[in-house]
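This is the structure I have questions about; it appears just below.
As written, the chains take the letters A, B, C and D, and residue 1 is the first residue of each chain.
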Amino acid sequence: MTTDRDNFPADPGVDNRPMSDMATQILEGLTKAMLADDKVLCLGNETETQGGLFGATRGLVEDFGPERVLTLPDNPRAQLATALGMAHAGLRPVLSLNFGDDVLGALDILCDDIATLRYRSGGQNSCPMVLRLPSGGGIGAGPAHSRDLARELGGQAGLRVVACGSAATAKSLIEQAIRSDDPVVLLEPKSLYRERAAARVAELDRALVLHQGDDLSLFAWGAAVPVAREAVEQAAELGIEIELIDLVSINPLDEETILSSLRKTGRGVIVEEGSKRGGIGAEVAAVIAERAIDSLEAPLLRVAGWNTPLSRCGEELYRPDCGRVMRAVEQVIDF
Amino acid sequence: MKQILDRDGHLSQADALTASRTELLEIYRLAKLTRRADEEMLRLQAEGLGDLSFFVPSFGEETAHVAATLALEFDDLIFRGLRGSGIALARGVDLHAFFAAALGCDQAMGRSLPGLSAEPEFSICCGSARPAASLMPAVGAARALALKGQAQPRIAVAFFGVGSTQHPDFAGALELATHLESPVLFLATSDRQGPSGEIAARAENAGVSAEYVDGDDAIAVFESVRSLSQIVRQDGRPGLIEMAVEFPEPGGNPGSNPAHDRLGNFLKSEGLLPDDLSREINRAIDREVVEARDAASNLKTQEPRPPSEQIFAEVLCRASADLEGQDQNYRDFDAEYGGSEDPDARCLL
Amino acid sequence: MTTDRDNFPADPGVDNRPMSDMATQILEGLTKAMLADDKVLCLGNETETQGGLFGATRGLVEDFGPERVLTLPDNPRAQLATALGMAHAGLRPVLSLNFGDDVLGALDILCDDIATLRYRSGGQNSCPMVLRLPSGGGIGAGPAHSRDLARELGGQAGLRVVACGSAATAKSLIEQAIRSDDPVVLLEPKSLYRERAAARVAELDRALVLHQGDDLSLFAWGAAVPVAREAVEQAAELGIEIELIDLVSINPLDEETILSSLRKTGRGVIVEEGSKRGGIGAEVAAVIAERAIDSLEAPLLRVAGWNTPLSRCGEELYRPDCGRVMRAVEQVIDF
Amino acid sequence: MKQILDRDGHLSQADALTASRTELLEIYRLAKLTRRADEEMLRLQAEGLGDLSFFVPSFGEETAHVAATLALEFDDLIFRGLRGSGIALARGVDLHAFFAAALGCDQAMGRSLPGLSAEPEFSICCGSARPAASLMPAVGAARALALKGQAQPRIAVAFFGVGSTQHPDFAGALELATHLESPVLFLATSDRQGPSGEIAARAENAGVSAEYVDGDDAIAVFESVRSLSQIVRQDGRPGLIEMAVEFPEPGGNPGSNPAHDRLGNFLKSEGLLPDDLSREINRAIDREVVEARDAASNLKTQEPRPPSEQIFAEVLCRASADLEGQDQNYRDFDAEYGGSEDPDARCLL
């Protein structure tokens, strides 16, 4: 049985498509984009062009052939640089890595060469590429394969960073990421690939209000969104009406949506999969402390991963869960 | 390709054999032991116990790993990646510790992927899950070991597979090793169906003395590692041995094992492995492996997750205030909400 | 003429040594550490072992020889990995990069292999190394050689990150960094190498109160410290008493010093060299919003680099200056 | 090492010459022009104008750069690093634009280091300051250019020096180029005093057709680039030319220039460069360079910093709210505090 979490609340953005999982929604978005524009091509190592470690490119090479679903050497630096070169030559590459963590050895290429290209060239060159990063924990992959990468990539000028908060928005986000003239990192939480939902529209740099409420604003993105949803339901049973915001875009941040919710509720909790220290949750808190301090009636709490590496064994003890979110909600409400 | 035992287990170059009978029997036993231990690990993985989804067995390369490890000096510093059960077992890590580390019931609580545990008493460094990640550190360690002031001439050794050689850090490690004149021994297992001797050729090209060896020939591996490691040690320069092994086909019979059989046939032909000894070895391995597996499984079942204070330990050499705060926070939470083992049950309603 | 900025205010931590520049103070610290412990050795490419791009290793190879001041290939990945391997073998390497930015292609080695080693190994292995990173702008080196790196490295579990806020603390910090059993990144602002000051003691994970005041807390680190100092003087002339905190340690963060200052003043401004979005300034703000909200009497403002790459030409327009800090101070005071 | 003109400017292989007289004269003129332009840039650097501290002249390699660039098709896509003034000038970037870009008075406002400007009308990509950073992107671009649907067979070309070949991405680029069968031409300048032909040998080892050429012989460079670029174009596979040049000694006389002289001697011996033409060329270059330098310097003096709204432009394809906010903030600040050009004067007191 699947529960249709992503259709809650009933929302005009939801279409009538049957539910499918995040990998499938991404595959559909990729397929649609490749059909619509023959400048779009998919890149990755052999695993990624032969279906993908998480299944989001299955059948693609059979449908589009090995020129448009192009296998690259197993070297993320070469992969990123290839995408950059192809963009220079007018294409719109979509590069998939096995694990988002693999980008850590190529941040010079991503953050210096790719992200700043438009700026450095005075708008004369640009790099419209999409980088698909399976992100975060949830599959027991240990500390080196479980980063959520919002921390490392979310504050890089010139780089759009977008996180799928559920299967529902994945198709819409990847389509728009491909259409964007900027380089876009799509964070795909590993723990959500098998979640099922009906597709809905999301905008590339607009946060989504997933649930309205007057008592407290809950800010989440990526893998933290389903945890936050659970907390919204639980809180409702306690009579606490939570407004749930899926940030969707990490960079740029939709400050207006964040602030207008906070101004309405006066209370906020931030839920974040990655470590607390130096994460993007801090940026959300800082924006509020800077621009909405007079609306703030209680401490802004962050429920996040611990300031430790993520462990393989017992990783569920590391990642924020509904119980920890509820505890923060109660603290803020009771303040 | 260097070979001392042919496919049937006949000694083709009798004078090349320096390993003692005891050493050869021990290689045989440890290779069998490793195979059995990996099989049990896969069984636990299939049962879903102990977060073992990323465990990778070393089927096909275990004989080479064991023979190579026994040919080294005991305090040569070993770096390894995934797929190296035989290395630890050959160094003397006991089966209980082996299973406990994989299931996260040891000191490191399964924080890293299975098979990467640090074994300082056995001069084995904590491994990394990324391909090629151990190669350049091994070069650096070798350089450090060679610095004056270190007592005995120790070398560093890195075990890896073809995946690592496709990473740019393999070339980086070769270059670094020649640049630093590091006494490091690279031990690569390759697929005998794959391109023949290519890894050794790349090493030679980069100025690293290399040999291409039949990795299913335990004696060839042992003798090559023993002699090249001595050269590396004495001359203070890097070496590489490519050991070509037969990997079982995916889904093929994991029981068949040409490298075990080859050594076994030789030992039998020499009268060193009578049938009753062979049976006794198998029985002992079976007993020890099952007992160790069960002991570790029991530990894991009793304590399926690391105790909460361990979440916050060993991040830095002494706890920082933020970690102490998070630890306290976690304890308060458990106290308040009952600390159920099922994280879902810890939700309020 | 040199002004003795770093001795202001008169402080018991200041010793009577003559003033010297940051490069010299670092050199003195390195020399002292190498004399005290023969496990300490210096690593870098040829530029770094032959005096250093910014002069902090001049004469070292002549004094200690090429085995202890060891030239490595010009490959930061190889350099970091060498340091890790040497630490495994019991040494305490100090690795100097030409530009801090050069670490961006090796963050997998730094953040996965080095930073988490102690944790992954259950405390059985550790990597007591120091990574010296010339950081930030100020020398017209353009977007790819001017990052301050606190953003990328400041939230990595297991990695201590410390920033020199002046020449005064550099020697003390590098000595302690070398003595630490953890891997320590030392951020050395490029713009401060030629600043002169008398040495004073700083602790590795303790913020320094550089000036006491009751009206407003000013938080800064690295290259932002001298800017903040200027603002303290200017504000004093307007009758505003600023408390100036040099964070010193980015990770771990000395939350108690930050909070106790803020609780005293009720007002805060954060000055940060790097881009605002996702920087460490956000973390400082978030800690306050989480733990001292009831003391906060005004918005917490951040004066930081723009959310753009740093330009070569006109880079002084990008980096926070005293005028911008004063504007924020006035806004917060007038709130 | 391939050579067509000997050190004295005698043609050693007459049949190897396909360049026209006009082309040869143009190479000569452009090499001289590049040298002069770089000299003026150093002068501006010494005067402290225009944030030029990271400008690097291409003394010694300018003739090779110019000859190579002229041997390519005009729409072959060029990637370059630091040190490539001659490439842009040979493609037709005018001197005003050249100085303006370096001083930050063009569209890109000197955001990047000097010499890295994007010149889309001349099929030159915005360069990167990091060593080897253009190599792998050139491979990717070449692959894209070769994809069906692209009209003319264009190739991608990467210019670089020895520094780049010491970076691991050089090996990565060679591997990538053979893997992708990319029509990319790598053009490396090496030091003729250094190891001879090593870069070409590494390329051959990696399966990339390579030539080792006397880079001070403009004709050899021109002919090699012309013929290998055609092979790369037709066969759709990578090539590399190592061009060994004589770099002036640090502090040596920057006026001496064996490559210019060699070509000049040849042109003279062929009656193509009478003394009055030679003088006229030098005079024209001098005039043009000084005029362009002064024009750009004036622009820079009038507007020493980028206009504030340009700080926030072109980060993303459309302005995001945070950037608009920072822009507004900056304007308010200027309005409030007078917007003095001197940032220190903008302090309140």
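One rule holds for everything that comes next: a residue touches a chain if its C-beta (ideal position, glycine included) is under 8 Å from a C-beta of that chain, and two chains touch if they have at least 3 such contacts.
Remember, predicted model here, so these are calculated numbers, not experimental data.
In terms of the distance between Cα centroids, chain D is separated most widely from B. Taking A-B and A-D together, the chain pair joined by more C-beta contacts is A-D. Separating the centre of chain B from that of chain D, both taken as means of CA atoms, is a distance of 50 Å.
Averaging C-alpha coordinates per chain places the centre of chain A 37 Å away from that of chain B.
Distance from the chain A centre to the chain C centre is 31 Å, each centre being the mean of its Cα atoms. Rounded to a whole number, the gap between the C-alpha centres of chain A and chain D is 40 angstrom. In chain D, the residues that reach two or more other chains under the touch definition are 109, 111-112, 128, 130, 168-169, 172, 315, 320, 322-323.
Multi-chain contact residues of chain C, defined as those touching 2 or more other chains: 73, 75, 77-78, 108-109, 112-113, 119-120, 143-144, 157-158, 252-253, 277, 307-309.
If you check the complex, the residues on chain D that touch chain C are 50-51, 53-54, 103-104, 109-114, 128-131, 163, 166-168, 304-306, 308, 311-312, 315, 320, 322-323, 326, 333, 336-337, 343-344, 346-349.
Contact residues on chain B toward chain C in their complex (touch as defined above): 77, 79, 106-109, 111-112, 116-120, 125-126, 128, 130, 133, 135-145, 147-150, 156, 169, 172-173, 175-176, 179-180, 313-317, 320-323. The part of chain A that touches chain C in the complex is made up of residues 77, 101-102, 104-109, 111-113, 115-116, 119-120, 143-144, 151-152, 154-158, 251-253, 275, 277-283, 285-286, 288-291, 293, 296, 298-302, 307-309.
Against chain B, in their complex, chain A makes its touches with residues 73-75, 77-78, 139-145, 230, 234, 237-238, 276-277, 306-309, 311-318, 321-324, 326-327. Within the complex, the chain C residues that touch chain B are 38, 67, 70, 72-73, 75, 77-78, 81-86, 88-91, 108-109, 112-113, 117-126, 157-158, 160, 180-182, 205, 252-256.
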